[in-house]
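Two complexes follow with subunit A in common, the first pairing it with subunit B and the second with subunit C.
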Partner chain A sequence: MPSSTTDHASRRVIGARAALIWGVIATVLVTVASVGVFLVAPEDADQGAIQRIFYFHVAIALVSLVAFAVACVAGILFLRTRKLRWDDVSVTAVRIGILFSVLVIITGSIWAKASWGTWWVWADPRLVTYLIVVLIYAAYFVLRSSVDDDRRLRFSAIYAVVGFVSVPLSFYSVRVAQSFVHPVVFTSGGANMPNSMLIWFLISLAAMLALFIALLEVELVGRRTERALRALTLRLESS
Partner chain B sequence: MTGGNQYVVAAYAVIWFLVLAYVVMLGARTARVGRQVEAITRMLDRKAAESDTPEGDDG
Partner chain C sequence: MSTAVNRPRWTRQLAGLIRKDLRLELRTKETVVAMVLFAIVTLTIMQFGFGTRDDDLTRFTGGLMWVTLAFTAVLGVGRSYVAEREQRVLDGILVSPVPRIVLLAAKAIAIVIYMTITELVVIPVVGIFFVKGPYWDSIGWIALVALIANVCIALSGTLFSGLALFTRARDLILPVLFLPALVPVIIAGAGATHAVVGGPHDMSEYRGYCLFLVGYAILFLLVCIATYDAVFDD
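On to the complex of A and B.
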């Protein structure tokens, strides 16, 4: 194979450029958002400094749901096309979604302790339904590790699609059941906050979205490279 | 530092620590891939050396 063709194939397999670009964008946005949240955003008249947890807490929560949506779409695409790249996207999105969900639960508990005086409120539908979503997606990896190779990809894709049903249930249960203690900031009437806070929330949301895409791209590069190396090793050993 | 600020710092420290830990985990995977590339390179070098050796040239 000509070297130029090999180089082109390597670039296509690895695709590291997108990961690098998104990594830079995420780093810049997270830095800007952090500076803005701590130094520029006005202090909330009601909650004081504690309210600053809101910016990243809610942004990470929304992006965790986006991650599970990406896993669902990638699962559907895998079932339709049987292309490994969609299984890679699905499993990686679930993994990052779990990471973000853990961050949401920890930061939410810290905020709850500071604001309500307790780490967790079992009677609140938003907290409990979100925890159920996290446990459903944690079970995804149990399923994935317990099924043999032939069925693993198909079952994982089906689970990613079916599991996503829990996401809108969690999102809307709050509005239907009237959350007891957890505030609902965004309603059909808009955001319940001044523009000077909203702008830093939107920047934080963009930062978390960029971080999700960057981590997704880096993980996908790793998975593609490992697979290419395994194939290459097998070819070398058999030649 | 007031009580409220302590909670804010704790929350953001958790976020940055866990994200950093995840990035370190990805870095460890990259290092492992690098070691695999080195192993393949050594395998290729060995095969190239074997093919360069003339047939019957064993003393």
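On to the complex of A and C.
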């Protein structure tokens, strides 16, 4: 096979182009969202400038749940097919989900300090839920690093499923246990904000979603490249 | 005669596996005795941990009881596969025609029994140690929520102990996996207990927590059914 064809084929397998496209989309959307949130969106009459953190805080929170859902689905697909790529997707999604959940806690904590004068509020069910979620998914990596070979992939997939089931349970248990101090943004009647704010929230949400996909793609490219390199090294050593 | 005819029914397999666990426990008395002692020691430490010599900790009854039971559950769940692991019994069970789900059910039932025996001691001791006021009238309600929570603990615990069984530093891994998943059970158990002791005596709140625990048990049962085969899929 000519070398240019091989390069093209390997690039396609590794998927660098998708990562690049999503990287560009995420960069554009995050820039637009940042400009819109800080310069265009109207200031909240009650909370003032600090309310602007909401656009990223809630968007990151929702996307972290998407990440854990992706990890769960990829885990199920791995258990059914035993294909390595699903393990790659699952572990990468959990990693990004944890990163986003930690960001939810940090932004939520900053918001709590500005609104209620304290960094941590146990009466805020969402903040507490995310703390539990981070603890649940941190254990994923402890488990993953303490088993080897085939079991590592299998157990990680099982835990990705169990972890995702634990998320709504944690959320609901914390919610029923405490009075609400957290502002409720979305009710069954729709979004609890004017359209001039809603549009920037939706752009922020799209930006965070694109950022998640871009990070996922970049990490997957890294993992595939590493695997391809390992295979190439083995082939060269055996020849 | 076909193999299918020779294979015992799943109910007999289940009864056999439970009998094995209970017989081992009756002979050695290692797990339940250790769980009960551990729970009493933890309750004693709790009293001093508050930094007060106040006799009346009625307000905190739910928390004291359920934190103690959660840590005790970790101890009991961690012991659940010890006999199989040490004497390679597990290999024998895995090569025998016992469905994995029967193995799960047997382990879960054994954990429910261990937890129930522990609670038979812990629930009265909590009343004696910490509660000044009406407690014994509500003991039936506390026992009921404890029984439902035991099923939750047993199902999630059996799954996590199965995972931890094959890990390095398994004794450390199990609490790290198990306790975060147990947080909703602690919240609901403590909430339900607080609703009937030291709290508002609000039965609708109590019912809400119990229903939540039933939902937790159903969800974990489904997850166990879906994934338990994969735990031992070697």
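Note that the second predicted complex is superposed on the first by the 219 of 239 C-alpha atoms of A that agree within 3 Å, B and C clash if a C-alpha of one lies under 4 Å from a C-alpha of the other, contacts with A are read in each partner's own complex, and residues count from 1 in each chain.
One rule holds for everything that comes next: a residue touches a chain if its C-beta (ideal position, glycine included) is under 8 Å from a C-beta of that chain, and two chains touch if they have at least 3 such contacts.
Please read all numbers here as calculations on a predicted model, not as lab measurements.
S.K.: Who does A:113 touch here: subunit B (first), subunit C (second), both, or neither?
M.R.: first
S.K.: Looking at A:89, would you say it contacts subunit B, subunit C, both, or neither? Reply first, second, both or neither.
M.R.: Neither: A:89 stays clear of subunit B and subunit C.
S.K.: With both complexes overlaid on chain A, does A:147 touch subunit B (first), subunit C (second), both or neither?
M.R.: Only subunit C; A:147 stays clear of subunit B.
S.K.: Check the residue A:79 against both partner chains and state whether it touches subunit B (first), subunit C (second), both, or neither.
M.R.: second
S.K.: Is A:229 in contact with subunit B, with subunit C, with both, or with neither (first, second, both, neither)?
M.R.: It touches subunit B, and subunit C stays clear.
S.K.: Please indicate which partner A:210 is in contact with in the superposed arrangement: first for subunit B, second for subunit C, both, or neither.
M.R.: neither
S.K.: Let me test your reading of the model: by the given contact rule, A:49 touches which partner, first (subunit B), second (subunit C), both or neither?
M.R.: It touches subunit B, and subunit C stays clear.
S.K.: What is the shared patch of subunit A, the residues that subunit B and subunit C both contact?
M.R.: Shared contact residues on subunit A: none.
S.K.: For the complex, which residues does subunit A have touching subunit B?
M.R.: Residue positions touching the partner: 34, 47-50, 52-53, 56-57, 60, 99, 102-103, 106-107, 110-111, 113-114, 211, 215, 218-219, 222, 225-226, 229, 232-233, 236-237, 239.
S.K.: In the complex formed with subunit A, which residues of subunit B make contact?
M.R.: 2-5, 7-8, 10-12, 14-15, 18-19, 22-23, 26, 29-30, 33, 36-37, 39-40, 43-44, 47
S.K.: Using the touch rule from the top, collect the residues of subunit C that touch subunit A in their complex.
M.R.: Per the touch definition, subunit C meets subunit A at residues 156, 159, 163, 166-169, 173, 176-177, 180-181, 183-184, 187-188, 191, 208-209, 212, 215-216, 219-220, 223, 226-227, 230-231, 233-234.
S.K.: List the residues on subunit A that touch subunit C in their complex, please.
M.R.: 79, 132, 135-136, 139, 142-143, 146-147, 150-151, 154-155, 157-159, 161-162, 165-166, 169-170, 172-174, 176-177
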